[in-house]
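Sharing a structure, written as structure tokens. Questions coming.
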Amino acid sequence: MIRTTGLTKRFGGLTAVDGVDFELGQNELCSLIGPNGAGKTTFFNLLTGTLAPTAGRVEYRENDWVDVTDDGPHETALRGIHRSYQITNVFPTATALENVRVAAQAHGGNDAWKLWRNVSAFGEYEREAREILDRVGLGDETDTVASTLSHGQKRHLEVAVALAGDPDVLLLDEPTAGVSSDAIDQLVELIRNVAEDHSVLLVEHNMDVVMDVSDRVAVLHRGELIADDDPVAVRENPDVQRAYLGGYEADGDGSNAGGNDTGTGGEPA
Amino acid sequence: MSEPTETSDAPAVTDRRGAYVRRVLADHAVHAAVVVAFALYPIVYTVLGQTPLGSEFEVFLPRVHAMVAVLYIGLFAMSFDFISGYTGYLSFGHALFYGSGAYLVVLTATDKVPLLGPDTPFMLLILVAGLVAVALALAVGAVSFRLSGVYFAMITLGFAEVAHVFIRNWDHVGSNPRDGASIGAAGDAFAVGVPGIDALQVGIGRLVGDEFGDVFGIGVEFGTAEVSYYAIGAVVLVCYLLMQRIIHSPFGRVMIAIRENEERARAVGYDVFRFKLAAFAISGFFAGVAGALFAGYRRTVAPGNTFDLFFTAEALLAAIVGGFGTLAGPLFGYLFNASVEGVLSTEPHGIARYLRDVLSESTLSAGAGGVTVADVINVLVDGRADLYLGIVFILFVLYVPRGILGTLRDRLGGHVADRLPERVRSRFRGRNE
Amino acid sequence: MTDAAVLSVVDVLVDLLEPTTLVRILLDALSKSALYVLIASGLSLIFGLMGVLNFAHGSLTMLGAYLGGAVMVALVSGSTSEPVQLLLFFVAIAATFAALTLLGGAVEMTLIRPIYDREPLFQILLTFGLVLVLDELARIAVELYGLQPRSDWQAALGTAPGFLSSRYTVAGVTTRGLYLFEVLIGALVVAAIWAFLTRTRYGLYIRSGSEDSEMTRALGIDVRRTFTVVFGLGSGLAGLAGVVLMWDPRFGASVPLSVETLLVAFVVVIIGGLGSFRGTVVAAGVVGLTDALMTWLFINHVDFAGLPEMVTFLVLVAVLIVRPQGLYGIAEVGGH
Amino acid sequence: MSGDPPALELDGVHSYYGESHVLRGVDLSVETGENVALVGRNGVGKTTTLRSILGLTPPREGTVRIDGEDVTGEPTHEIARRGVGWVPEERRMFKHLSVEENLRVATPPGSDVSKRVQEALDAFPALRDHVDREAGDLSGGQQQMVAIARVLVGDNDLLLVDEPSEGLAPLIVEEVVDALGTLAEDVTLLLVEQNFPMAMDLTDRFYLLDQGKVVETGDSNAASRDDETIRRYLSA
């Protein structure tokens, strides 16, 4: 559904993403893992057009492959690439329903420009929003103002906003961040559920979740894709082990200096 | 919390229609009440003025003439809130749009605008004023919306000041552009109403407008101020309803989404730049209309009460007191400010003059340490509205940041217009049950 | 372009390149830049460290002009000798600076501190409320003491020593002694602020705090107290500028001085860039030169009195378009 | 020694990053002079632990004690003045201050500033040539040295060091490790580090953090990355 060729992003002297070739198939769930600063969030920002790459291409499959490298975030969203955020990033004083409704409305062509019509005349977006809220388990919270939801519920809402407008590709950035272990089970359930009819690229630190839900696992280390395989194979891969545990004793590793992920904007580590 | 369901036995169709009408009425009950209150105000003012406490009422209630200003400056404040309160972008140069609308009217009337003759119908002129403001807003916005926060405020202020300085020195305006331009009492009043049908139009203006004796045959006389009040009030009401309509449209929801979280609004698929620009243009339109109404009523414009930074500040003050992001709030906010100004005014209806008249000579000359009561009135009361408004303003920023209407909404848990009737209804039912 | 227009542009250029013209414009630019840097530096310090755009800055300058003027009028009599007059001027500066520093510190602690965690909008609004209150209080005082609020306060202007009011010839151009004196004061103040920021411990705290407040706190520095001190000093500087303007016949102590200086201060600080005192100094130069050049153009070639002011605002708009963070601003903090 | 309270003690600390519940009851204690590593995968709360100690992310529950005194809820600058030095993730240079100024700002008032700066430069001779450059112009490794030197010039006896090797080339990492190793002899050190062997090399003891809680503690010398528990919590 989406693929990159030689995707590279440099910030000054830092190469955050370094020549990544990656492809995500239809209805596939691929996890993207890697130590802090490996370039995961930057990679997301490149896919959604939030950042422009220094080199390389991003393509998206509609009927045929379309080059979306130069598209802005709203253009990629309209094509069907949606994302969630690592830190809850919704519309805080709007209700849960309005959060999803306004996101659904974005995909209604010129409807958002109909200044003279009351929102209530566009029931289809509200229906869609209600369905999505039901699907993510927030059906009882439609009228709750987003900022007053519990943290776990907010993480569900975060996914719900990304689901609005019927995307084909979902990029989920640490959906379980800061969620307690019992609430994680529900999120895992949700991720599995949405992966049935979406192509999902999941950034996740919780390895139990990753091993549990992924069809495939890709590992970024210092901006480079060092592994891309099924979960078990990735777990056994010595390069991956070293990336996580450090290559300090093992000399030869890491000729690539300075893969610092400046694009993350502070991870809640 | 949900709408009460109708339980009438009438046939389904009539039931639905009846329910719809009742719902519309209920939804707009507060709107209607406010409109009626405003409509009755001149009559109430006259009636109260004739009571034994007449002179007290005249001190504390704004005169109808002042209420006309509440309407057009209130409209300006609402247009300011439309962009600043709903998208979060502080338009610090908003006076630019008001000023261009006002100058357009006066310059047209004095035959100084190409293509528009002095006899252009006022209703058309209002529209042109709005469109000129739209053009300016698109030009200013196209550049300014690349910035945000304080920088957006500053660049819009910069644009407005360029225009301010220009208009203050542009001798095309008049022989002394610093004093502005005036149409004078000569010539026809500007007519508000249905263009082309004289019977459905009235002239506005305090000195030149229409007046009616013995309206409805009940002995109530409408002077120029009252006639202008209703005519301008009608235009302001239409403008308010249009803005309210837009706020409640899908477009309005996008504006709010931008205010709440611009990054996310973009990520869900909105080209936020175009939405901000359009909202700015709409806001500019109504500011331009407000300026045109002002010029039509006062028939004179000056840089200081149109393009000035402190004129934008009037809107800011009104929005803070009334409530940012409430649309109607700024009108009430300005009503409050204008009332304070009226009470503390140096003019005959102000409280200073009243106190001097009412208090006895001995009270006035009483005092301690060489300071008499009369001195205190002169120094701390007479024309000191800015001092107290400044203090009120600071207190609002510190303790009532959501303003009057915003705080009311928070208390009621929704829009006043939606919630108030419901509250009343539920209380009423509660008592019956 | 028509031939006439080309001709007149050539005329203007020929005229401009006349040595005495250049010297005249440069002298004018220098004295204006000095005033602008005085007016803007306090605002720049506050904005740089705290991100608070203090709308009351101009009002503090206006208060400074009246306070300084009051000190001078009280102390200077017909028999005061010129050197003593000059000495008293510095007394007035010291007294005003101290008074307004205290006022600024008090305002920060009581009014600004409770709203740091709100959006920047509220800081703008709050300081705007202060403008209304301070300006009205000034009007009340002016009325009480029977001073003239609108036109220049002649009594204060009259306390300037004769040698500053006289004219001097520099490189073939005649100028007032006062303007040269203002350049001197401007240079002294810039040097003093510069030394304070770079040579003192507190200055270092201010600079590190404006870059990264959290890291600064983690080094054991009470950033909140730094805020109070900076707001106080910034207010004191505003007052100092007022005392200087009190002697200048182009300004003088008056209530409208408040808005007049506020707008100039904004333009200079925004052009210079958030958090950069160096930027403020350079921007004062740019604005001073623009003003001088446009004033010359207006007097000699273009019949439009608003030219200098209008072009100044156009420069602001142009800078914000080309470099939104200002000349020396730091791009990543531009979101304030 | 046994009678002295620990240099640092966390007791049931719960902290939030915005709304997200990051620390869920962290207990740990570091004796004076001890060097302790805090390891764990991304996102388990290592950085938040350091921020909670400093009061930058004040704990909502639990207590932080420094030398036996409860400092929970104290402002950051007061905690720092108790001798807590922080070498943050991504180094947090004052980019527009010179290297020398970056060091001067960290010296306590009333101390011999130039002497302390000279001593810090003695520890990092490589910085000598760059004292007048703006810190933002330095390379990542040089910035890391400035960040460490910055805590050296203060009267700090407890150092909180966060990911010193992050984003540095292996050769530079060696230098940073050498510097930290020397430093560790004289102070109490709490080190957050992703590079497991390096962390074990520098410390006496370690705490393993997972999901905002300490799940394992042990002797750094005996710890091996082949250990089952460590593999489970650290590797993919």
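Think of it as A, B, C and D in the order they're written, each chain with its own count starting at 1.
One rule holds in what follows: a contact is a pair of C-beta atoms (placed from the backbone, for glycine too) under 8 Å apart; a residue touches a chain by one contact, two chains touch by 3 or more.
Because the structure is predicted, anything quoted here is derived from the model rather than measured.
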- [ ] Please state, in steps, how far chain B lies from chain A along the shortest route of touching chains.
- [x] 1
TODO: Show which chains lie in contact with chain A and also with chain D.
DONE: none
Open item on the list: Comparing the two chain pairs, does C-D have more C-beta contacts than B-C, or is it the other way round?
Closed with: B-C
Open item on the list: Which chain has its C-alpha centroid farthest away from the centroid of chain D?
Closed with: B
- [ ] Could you put a whole-Å number on the gap between the CA centroids of chain B and chain C?
- [x] 35
TODO: State, to the nearest whole Å, the distance from the C-alpha centre of chain B to the C-alpha centre of chain D.
DONE: 58
- [ ] Could you tell me the distance, in whole angstrom, between the mean C-alpha positions of chain A and chain C?
- [x] 50
TODO: Could you grab the centroid distance between chain C and chain D? Build each centroid from C-alpha atoms only and quote it in angstrom.
DONE: 44
Open item on the list: On the basis of the stated criterion, which chains touch which? Give every pair.
Closed with: A-B, A-D, B-C, C-D
- [ ] Write out the stretch or stretches of chain C touching chain D in their complex.
- [x] 201, 204-205, 207-208, 211-212, 214-224, 330
Task: chain C partner contacts - residues on chain B that touch it in the complex - done: 90, 143, 146-151, 153-155, 157-159, 161-162, 165-166, 168-170, 309-310, 313, 316, 320, 379-380, 384, 386-387, 389-391, 393-394, 397-398, 401
TODO: Sort out for me which residues of chain A touch chain B in the complex.
DONE: 48, 50, 72-74, 77-78, 82-83, 85, 89-94, 98, 101-103, 105-108, 111-119, 122, 143, 161, 164-165
Open item on the list: Please output the residues of chain D touching chain A within their complex, sorted ascending.
Closed with: 16-22, 24, 41-48, 89-90, 139-140, 163, 165-170, 172-173, 177, 193-199, 201, 211, 225, 234-236
- [ ] Within their complex, state which residues of chain A touch chain D.
- [x] 13-14, 33, 35-37, 87-88, 151, 154, 174, 177-181, 205-207, 210, 217, 219, 234-235, 237, 240-241, 244-249, 251, 253-254, 257-260, 267-269
